[in-house]
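Common to both upcoming complexes is chain A, partnered first by chain B, then by chain C.
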Partner chain A sequence: MAARSYSRLRSLGASLRLAVLSFLADPQWLIPSMIAPVIFGLVSYMLFQGTSPTLVLYAILGAGMMSMWGQTLYGSGWATGQDRNLGTLEPTLSAPTPYLYVVLGRVIWNTVSGLLGGAIVFAVVGIAYGRPLPLANPLEFVLLFIFVILSLAAVGIVFSAAYVYTRYAGFIQNIGEFAFYVGTGCMFPIVLLPFWSNPVSLLFPPTWALDALRILAIPGYHGLAWGFWGDLIGAVATTVAYLAIAGTVFSRVEKHVLEVGNLSDW
Partner chain B sequence: MTTALRPSFWRTFWVNAVFAPRMSLGFMRLDFVLGTIFIIPLTQMVFFAFVAQLAQNPLSSVGFVVVGNAVATVTYSSVFSVCQTTDNEKQMGTMEHLLVSPANRLALYFGRGVVPILVSLATVSVALGYAVVLFHVPFALSSIPGLAVSIVLTAFAMVGFGLLLGGVALYLRTSIVLGNIFLFIGLLLSGTNFPLSELPPALQAIGDVLPLTWGIAAIRGAMGGEPLGSLLVLWGLVALCAAMSFGLAIGLWATFERRALATGSIARF
Partner chain C sequence: MSPSAAIRTHGIRRSYAARKGFLFNEIVRTDALKGVDLEVNSGEIFGLLGPNGAGKTTLTKILSTLLLPTEGHAEVLGLDVVKDAPRLRPRIGLVLGGERGLYNRVSARENLRYFADLYGVPTAERAGRITEVLDRVGLTESADRRVEEFSRGMKQKLHIARGILHRPELLFLDEPTIGLDPKSARETRKLVRSLVADGVTIFLTTHYMFEAEELCQRIAVLTRGRIVANDTVQGLSRLVGGDRTLEVEGYGFDDAEVEVLRRLPGVSRLKYEEFGPRIRYTLRVRTSELTPPTVQASLPGHRELAIRERRTSLEDIYLDLVEEEAA
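Let's turn to the complex of A and B:
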């Protein structure tokens, strides 16, 4: 049993190390996933300029969230896609270590680099603002910011597992990008959306986490009815649910693929 | 004998028009094309409409933002997709064959623009349809001819710009960074979401050389029922951007091609 967990940890470590090395060898992929959020952040800042001073925080929070989404979800979603593209999915799946541990190593690095991307976007929009940001609780804000990226990573792992079954991973990621931004209310509160869409928004952990972030950061912000702690509980609960779904989906996918052996037919 | 072996201009043009979407252009699979035409414009317009609604900025009404984004979504099919043609040729190892082929270069590059121009026309038309039907942007039927001219010119100019970036990408390791920059830069510098006059002068100057800026101005002008005289000026500027983009694209490709043949190294990915 001990040897088994050691082997899994070793696989996780190797996967993480390889992800870091690949990033260092070709870090330019960080740029594409930052360009859009920086521009969206600046555009929103221009739109919010001259209105309420706290609205700049919407621009910063939203842009930071978009960058993390770009890094984490795209990266995690691509965690299986890259194996498929390089032809290493089948050998990796037939290895003794569960595939989840291989993907997890990549997801951990994507999470770290996502945080870096989020911080860079935060800095760029903050510099454009040119004044100290009116953040109400900076320390709690940073901690919650880190949690948001973990919640995004949880969504990413679920996508990553589901992408084994589909050849439309890239399509879903590209086409669904703005829909996700709208649905999770990353640049505006979801109360602006039609009421019927709110339950769908609440299925995603970042919706809860972002509302909590705004309550924490924006003075006078009135978020969802259940308040900060309700948001936090919701964010943790949905993140745990996503992780549980990801684990289940991964083991089923792995079992199914090994039984049917038709992975190449996608 | 040499003449007999050289494929005709139109054959090269059509072969490229038909094959490029399947081979070298990025994101030209049917599902992506349908998503680009029907889904991306809608979601992008909804996103910025809500941001504008929250901001309540008098200079950027929801209608202003929605029309700007409807036009800006053309960048996916015209610039992002087209500029990847160089990358894909390099990646698939076909660039060397292309460079030694006797095919007419004008036909080769212009042929690649045919399908993106059609997709761009469809994207802007559908997006403007969303603007009118879903966001109630005022629109008079009498403005259709002016709008049609503006949309066609914008699609040509944007695809020309995509080919120009593809030419630049010939010299780069990858076009993905360049493609991403110009995919979104128009949202900031082309008057998509707020008037250009809100930007610092240096950024306004950059915006002035982007074809999207004049395309958006022409389409907004046509929808707003501006007189023909003002529209002619805007059309002239869009056409000028298109001519300069296509001209510079051909010039760049020729320059890098000569360099590639001389050094034998540029075609490597």
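Let's turn to the complex of A and C:
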């Protein structure tokens, strides 16, 4: 089976390469992925200028992250939707490698560009502030930040299956996007949400990971009852669960589309 | 299954359920294939000929593992298209063609490289193969240009290059010349012919009889999901028999005159066509008595008629087959 893993790895690499090349080929994408974080960083600085540095940090970690993390969470789904629009979904699915590996390649790129966006925001706010933001645990923060992005990517993979499934995925996503940001606590901590919604939020890895991130970065923040380590365990467990089901979801979806015959719809 | 059969299908049916209406609550079923039995030999160019909506693309996709049959089964290169799809995919090539289906923002070479990786073309051979297929389809000069700058004909060439990149034993070409200008279409046909020289079996669909006649050893006519003829080009030509074809062209035929034409001795079919104000009736004739002068004599009131006899073509036979099925 070494040959098989090798060919899957090659597909992953090819898809990563194509994602980067497509990005470089069309500089308009610089706007959402690189310039938006700069603008966002400046806006949050201006809004919270004069308040405590903690509040600025809170603001960045909150609503602002949404714009960058959207890149990671929806990037892979969007790329699959793009495959539908371009008509490349059919030739790609008729190739011997499972489509999941193509998606994984794009997820890697989206993760990297999401991280880049995050780094830009911090840099911009830091420059505006005149000194680096006061992070309580910088190293742990960076590591956890990377993990948050990965946990979003894991959800993104499953989302992208929806784009293989139907051309209406974009429509469903637009409705679901806001609910997702609120539900996972991207916008504000979920402890502020009605109690009944919490169990639903906990189905998504970013909920746990983000809460842990806030505990780490913001002194005095009270998160979910089980505290930092509980958050971390939950985040890892849910991320692993998403990655594990992604394989199954994809092979089911690939079979479904061959039955329905909607691969060429767009 | 005969040892040389590259494709064999048994009772393939396929229906689609499309959701329509407000709230998508109305389900419209289309029976695209209604029991198709076919056999394609290794090393031949097999033509599947049929009008729009006949089910050509549906059958092509089923045979190339992109669509599951609703009923029936098919073996391609000895493998079941449903159960053995993963083993079959690396051995076949599929060209659906058209404006779409390519990554427009990157170059032709990058498109090919991507698919070479997906198809597991050995890394050491990759660059060489890409150069080779680009040369083969005549895209060497444009290899590093973005696909979005390509003309329709160039895109079609790139589609074909992608189809043969991994050296498939069997290539599916779905309407390879549709939408091409005559020159590109001719080049594409030439390319298709050159492929069989390498021993590749080709399954080609088209809605032009002349194309099937020019390229294919054997032709199956598909209309409304059924095969209505399946023969060699010579076999199909025999259907022409001793039939003669007369064309009667003029302006403003009235019903009585049309009836006269229909009742002329030996007329087996009458086809009506309009060219602006000009009208043409094509008569299929089974006897040798009827000639342009006798036709003219039967319509004494009609002066400006142009009547001529022409060769009965396979195209005429094809139209008969397709129309009979429709009737």
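Heads up, the rule we're going with is that the second predicted complex is superposed on the first by the 217 of 266 C-alpha atoms of A that agree within 3 Å, B and C clash if a C-alpha of one lies under 4 Å from a C-alpha of the other, contacts with A are read in each partner's own complex, and residues count from 1 in each chain.
Simple rule for what comes next: contacts are C-beta pairs under 8 Å (C-beta built on N, C-alpha and C of every residue); 3 or more make two chains touch, one makes a residue touch a chain.
Nothing here was measured: the structure is a model prediction, and the numbers come from that model.
Legend: residue contacts after superposition of the two complexes on their common chain; A:Arg252 is shown touching neither chain B nor chain C. Once the two complexes are laid over each other on the shared chain, residue contacts for A:Phe48 go to chain B alone; chain C is not touched. When the two complexes are overlaid on their common chain A, residue A:Ala179 makes contact with chain B while staying clear of chain C.
Judged by the touch definition given at the top, the superposed model places A:His222 against neither chain B nor chain C. Applying the stated contact rule after C-alpha superposition, one finds that A:Phe40 touches chain B and leaves chain C untouched. Note: no residue of chain A belongs to the chain B contact set and to the chain C contact set alike, using the contact criterion stated above.
By the touch criterion given at the top, residues 27, 29, 31-32, 35, 39-40, 43-44, 46-48, 50-57, 60, 65, 174, 176-177, 180-181, 183-185, 187-188, 192-194, 198-199 of chain B touch chain A in their complex. Looking at the complex, you find that chain A touches chain B at residues 28-29, 31-32, 35-36, 39-40, 42-44, 46-51, 55, 58, 168, 171, 174-175, 177-179, 181-182, 187-189, 192-193.
Those residues of chain A lying in contact with chain C across their complex are 7, 10-11, 13-15, 17-18, 21-22, 25-26, 86-88, 90-97, 102, 258-261, 263.
Residues 14, 16-17, 58, 61, 64-68, 86, 89-90, 94, 96, 98, 100-106, 110, 113-115, 117-120, 123, 146, 162 of chain C are the ones that touch chain A when the two sit in their complex.
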